[in-house]
């Protein structure tokens, strides 16, 4: 599932309004004839690239006539020196797009890279890794896309595309059973119902109600194993709650079906990516001559 | 400089449209009479709290009648169990705001906490720490606010509120001197001019042009010390480029005036914060009774 | 699942910008002192009321000080003379809100009323009725809410909250089996997979792949009965395709689990609802006196 | 007066954000190499086509490189099998645009078709048919355009482009005469003034004030004929109020100048229109191979 | 016709986003405890006040708890020292709203004041003065409101609320007669048709077609008098084209019905209005003490 | 620093939505086959042209296929007859864009022209002229751009890109010295600090604090000269406060560095600019024939 330009445009435009605002008060004054230049965005760090379409759209928004070559695609590995985009555009364009284009790539590649590392840790098991909804509010589409690019799956996107029953839901309904009764009657029939269970008793009650997905919420390994025995294939099982690089392998090896990991998106380390413009032609001379003439 | 509700509202609304969309298809079906409940947002991890107004506005957007107590203010230290907000609102409100309210706090506190740690490392020196423009595009106001809350200063916000001369600017102008000539003539006279210098030669040239702020861009410690000797108080000096917790103390001890650090915002670790709703009253019984009656 | 003011505001505001624009060039000139009046919105036709919050928000947007009493709630039956809202507001408010407030109610009640009628036709069976995504693009949240108010359930809201496999999806994947293979691997694990089947062969193939929801797409009654025998409880079954008031009862009586009906939202008949303002006080006299004085 | 792309874009974009949101979770996972396909939108029902530009813009928004042939223009008659648009685009495009493109056509053609039927009923008279402002709030431009395509005229668009004096306006002004006095003094001099009259007395009073357009509001045929005699060409006359296919001919034959009909837009029956994609090439094999390899 | 808060909010918010952006980097750092202050907006120049609601909404947007007294209403005369608004609000509010609140008042009062002066010049005649659509695009609602406040009327607001036939329209239709034929058949029947005439021949042709409003476009006084004789009350007459304070009286005295004047809105002189905050309490001491302590 | 299409688009679109709204109800009905025409925008008055990109974008927004030639660039002198843009586009385009395209040019050229006149008055001195933030709120980017085009510089854009200390700031801080103490500690280190001084005492105090820019706020010429002697090159000096064409030369000749002038943007006189479409082809005949046929 690729990103679509139509869907990313509002993010790219908000970023450029923030970065450029009413104008670039350094580059804007210096470009003179504004010659066409070529430049490239390249990696200084290593990881999995993600966000190429956002970088591309950033350039195109400022300079619709820019020509962009893109030798890679999202999900490809990068290392120091790997070229991500080659750009031919007006000099003023490079000054305006640099920070935004790089930041989209640095942050989204950070998520993809971390995700790939987690996937590699558990590839000897059958487990499916997913994200959660944690991270920066408002940027969920981009964060979840980066998780897919990294090789994991997406958990629910919002409160609108799931039936995810948590502790407080159960309390307000008066138990798992009455909650299921209402949700079976009212919820979209194409949703599976998932219930967060904190104890073996809750797992048993959920099973008795025919719940399709059972989340083991912050269970320790022993309880998780007992819960898996209890479920015995009658529901999809999911481990969740503070899982990290240290704990994930043991959890995956229990045989749980899914592990959902907030850490993929809420705590990230930027991948170092940079922009280099080639052979810049001095173009401000005429302006300088004019300034000096005016000064006499 | 506080955040203003007017200024954060677009961020809060975008996040809620993303999270709730056309409706909460779990909680929305279960709340029944939708009783008023009280709950609290509290810390599980430790750090510096930031983002309280965003959490507050998130609640108020969904439920304008909610009553919120806020015992802390942004910048206060928190630890496991610290209560951040006490909320009295409809049960359905808690279900809709949980993820967004927590995520604003988790991400913004992450930045404030990291910033405070960096500040503490160098408090024996006179150095001023600042952020950069790195991080998630489009969220700059929030990220930079969190840096201030953590105790550091803000570097430039955008290409519009500075004159920051980089390598490519110098090339396009044909040197530091002609660049200064143009910028002195055209740029807002209330801006200082900052020049990124990669060598001692550039530092000397910048000094000769009367540049007000000189950035030592990715210089090693020895060059930085030589550059400081050269400058000798005639300009504000700033160290920048890949600075982290390991390298910051030695850099600060050179006597440089400012250190700008992308790491404060581009690589962060969420602070664990949670929501707890008290004594939830089962409220769906009437609905269940109605469903059962209909089922006959 | 109630509508939330936050979620309907953009619809209400767009409608008022369209209706009032830069000002009401009749009422705006006539109101003079703009006295407070009381008025009521009442039914002239019969049906199920829906859209009260939109009418309420329409009034509040124009006149935040208006006082509104709402004796009914969405889903209640109405008939000629039933009062829906009592409004105390400035005279100018009534002029500006009339058309929008009534139209929200007329169109949404039309859907709720039609839905209730369909529900009543099949209430002797166990079938669940749902809408489709058909109707006016851009207003889906409101149209689907009205269907729920009428007593039916919602089918999928968008391409983002389902896995709904249609003919062309099967072709592009090279068959139901490979389609399932990809979707099981990539799709959100909390979604059931639904496959549209046009023949008994497709139903059999879907069953063999363990598809959770099988849609009988435009099947005649005989094929539907055969398909139900084939499925025999191993999947949720859904009838769809041009179903109307004439055909629905027989389909429901086959024992199919779900019937989805585009007709609920794409073809509707407005319920007649009107506004009456009480005892209007002439308030323009001072203006008239002034005009006459100016005319001398 | 054609629709302009600039003016319809917000409607098309709102619809696609609603339909596709953060991505198509069925088609998006299945398209593999995303081959270029051809398809066509064609009629299954009969009527007058309307909304072609919205369908076209829907495709172009998702896939700017799509090639579209449009053999018809809005207002042309269609019947089962008539081709409305031929589209060459990526497979993923067809999945994303299907529902929106069809729904714009189905709903707008519904209005155009109903309008044409009404126009045909009265074409032996000199009457001019118009719409009202009734229907779905927020979509007025599209609904009124469809009425014009169907062959009728538009009544006022909003409270801002008319002086339409209703019962309550008259009361607040203290009579038709003082209302006219104010409106003549203040209203845009290029507007005719229209007064809704419920009785012959009001018609006479309006005539005495030189009102340019007199609406016979819910009058029966006899009163309408008497009113027409009274007016005798001194004002434009308009019949309004609950007019439908049964009553329109007799009203038109009274010789009234204009009949305005809410029914054209508030109660409509969708025209059945469908999308067919030709010879779909299986394109997901590489993905399946990769999945199987990963599964080992 | 008053401005409505709902209708002005987008203008006020756009202005504040522009003025304050991510924060007030002077006042925001200085306010310390941010004490409640009182202040007043008062006139330094003379004229007709306009824009009070925009000033009020500007304050309320930044500080919903502010208390505002408004002793005047739009249209009242002001002179040096007249108090327009008394404001009690946080100190930080005054810093953020000053420029925007004053500028709305200065620019809108400029238009109202100029309009009043023109009205006074011709009040011995029966002429009606109106604006045109000239001025700053995008602010038409506010500019036209100010004209009404000044005492003149509004000409058409947009291409959508009129039938205004100009030279090029006539050419494309092949003459006034065929243009009228089409427009009578298609245009909203509540619009009068206005034709711009540059010669007596055109006036005669327009009269022959029964045109309701005839504009004398850039005619000299003699031609205008001849045209008025020709029209002789059979149409509303309007003079337009470069009319200013020097020429308006003679034109008004010809007896023409309407004079439309671009000069009211396209060329204006700001009225001097200022803000004064009373008895400001120093509130930053605690901050200074903290800074000094930190400096040790 | 050029305007960028991306940055002006919201202004252009808002203006066209206002002007055209749901359609041009004159030209839209008359264009018939809508033939391609050529036309030109040309000056009738004299001055400095500004706003060409806004005119161009206005045309392109309505008609992306239009071809535009632009023989001039912003800042060029124009006089009666000078051609600004040559446009080849559909006839309907000319009708829709005329007012907006001309108004952008008329208003922006007004500012550029006035600015150029001021610059010419003082070109024998070394003074730098700047604008202020006065004028129409919400259009600051365009107003300030026009000032640059006219040859002056921009003063601060917003409260966010400066540290501008005014009377009330000094009071709330308890003096210039404590204000400086806070601002030096907290404000962006790349901003110079500017202090508005109303007396020689304040100038002395500001100098003692090392303030970088000192504004002489409404000082008379004698005080200004004394203040300049006091400053003696230790700060940038700026004169401000009600400066106009009469007073500017004497002020400039004092040797002050900068003069900031609200008059450049808050009080302007439109430059007369017009649109002429060539050889319009009658294109409505077919429509007329059809109307007549229908009339039989």
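Going in written order, the chains are labelled A, B, C, D, E and F, and every chain counts its residues from 1.
Just so we're on the same page, a residue touches a chain if its C-beta (ideal position, glycine included) is under 8 Å from a C-beta of that chain, and two chains touch if they have at least 3 such contacts.
Keep in mind it's a predicted model, so treat the numbers as computed, not measured.
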Go through A-D and C-D and name the pair with more C-beta contacts between its chains. C-D
Need the most distant chain from chain D, centre defined as the mean of C-alpha atoms. B
Please state whether the interface between chain C and chain E is built from the same residues or different ones, using more than half shared residue numbers as the mark of same. different
Fit chain D onto chain F over the CA trace and report the rotation angle, somewhere between 0 and 180 degrees, nearest 5. 120
Interchain centroid distance [CA atoms averaged], chain B/chain E, Å: 41
Measuring from the mean C-alpha position of chain D to the mean C-alpha position of chain E, what distance in angstrom results? 34
Report the inter-centroid distance (CA atoms only) between chain B and chain D in whole Å. 48
Where does chain E touch two or more other chains at once, residue-wise? 1, 20-25, 28-29, 96, 140-141, 157, 160-164, 186, 188, 191
Residues of chain D touching chain A in the complex: 13, 16-17, 20-25, 28-29, 34, 61-62, 64, 92, 96
Sort out for me which residues of chain F touch chain E in the complex. 11, 14-15, 18-32, 91, 94-96, 99-100, 103-104, 106-107, 110, 133-141, 158-166, 168-169, 171-174, 178-179, 181-183, 185-188, 191, 242, 262, 266-270, 272, 277, 280-285, 287-288, 291-292
For a test of understanding, state which residues of chain E touch chain C in their complex under the given definition. 1-7, 140-141, 144-145, 157
Touching chain A in the complex, chain C uses residues 1, 128, 130, 153-157, 160-164, 186, 188-192, 194, 212-213, 236, 238, 257-258
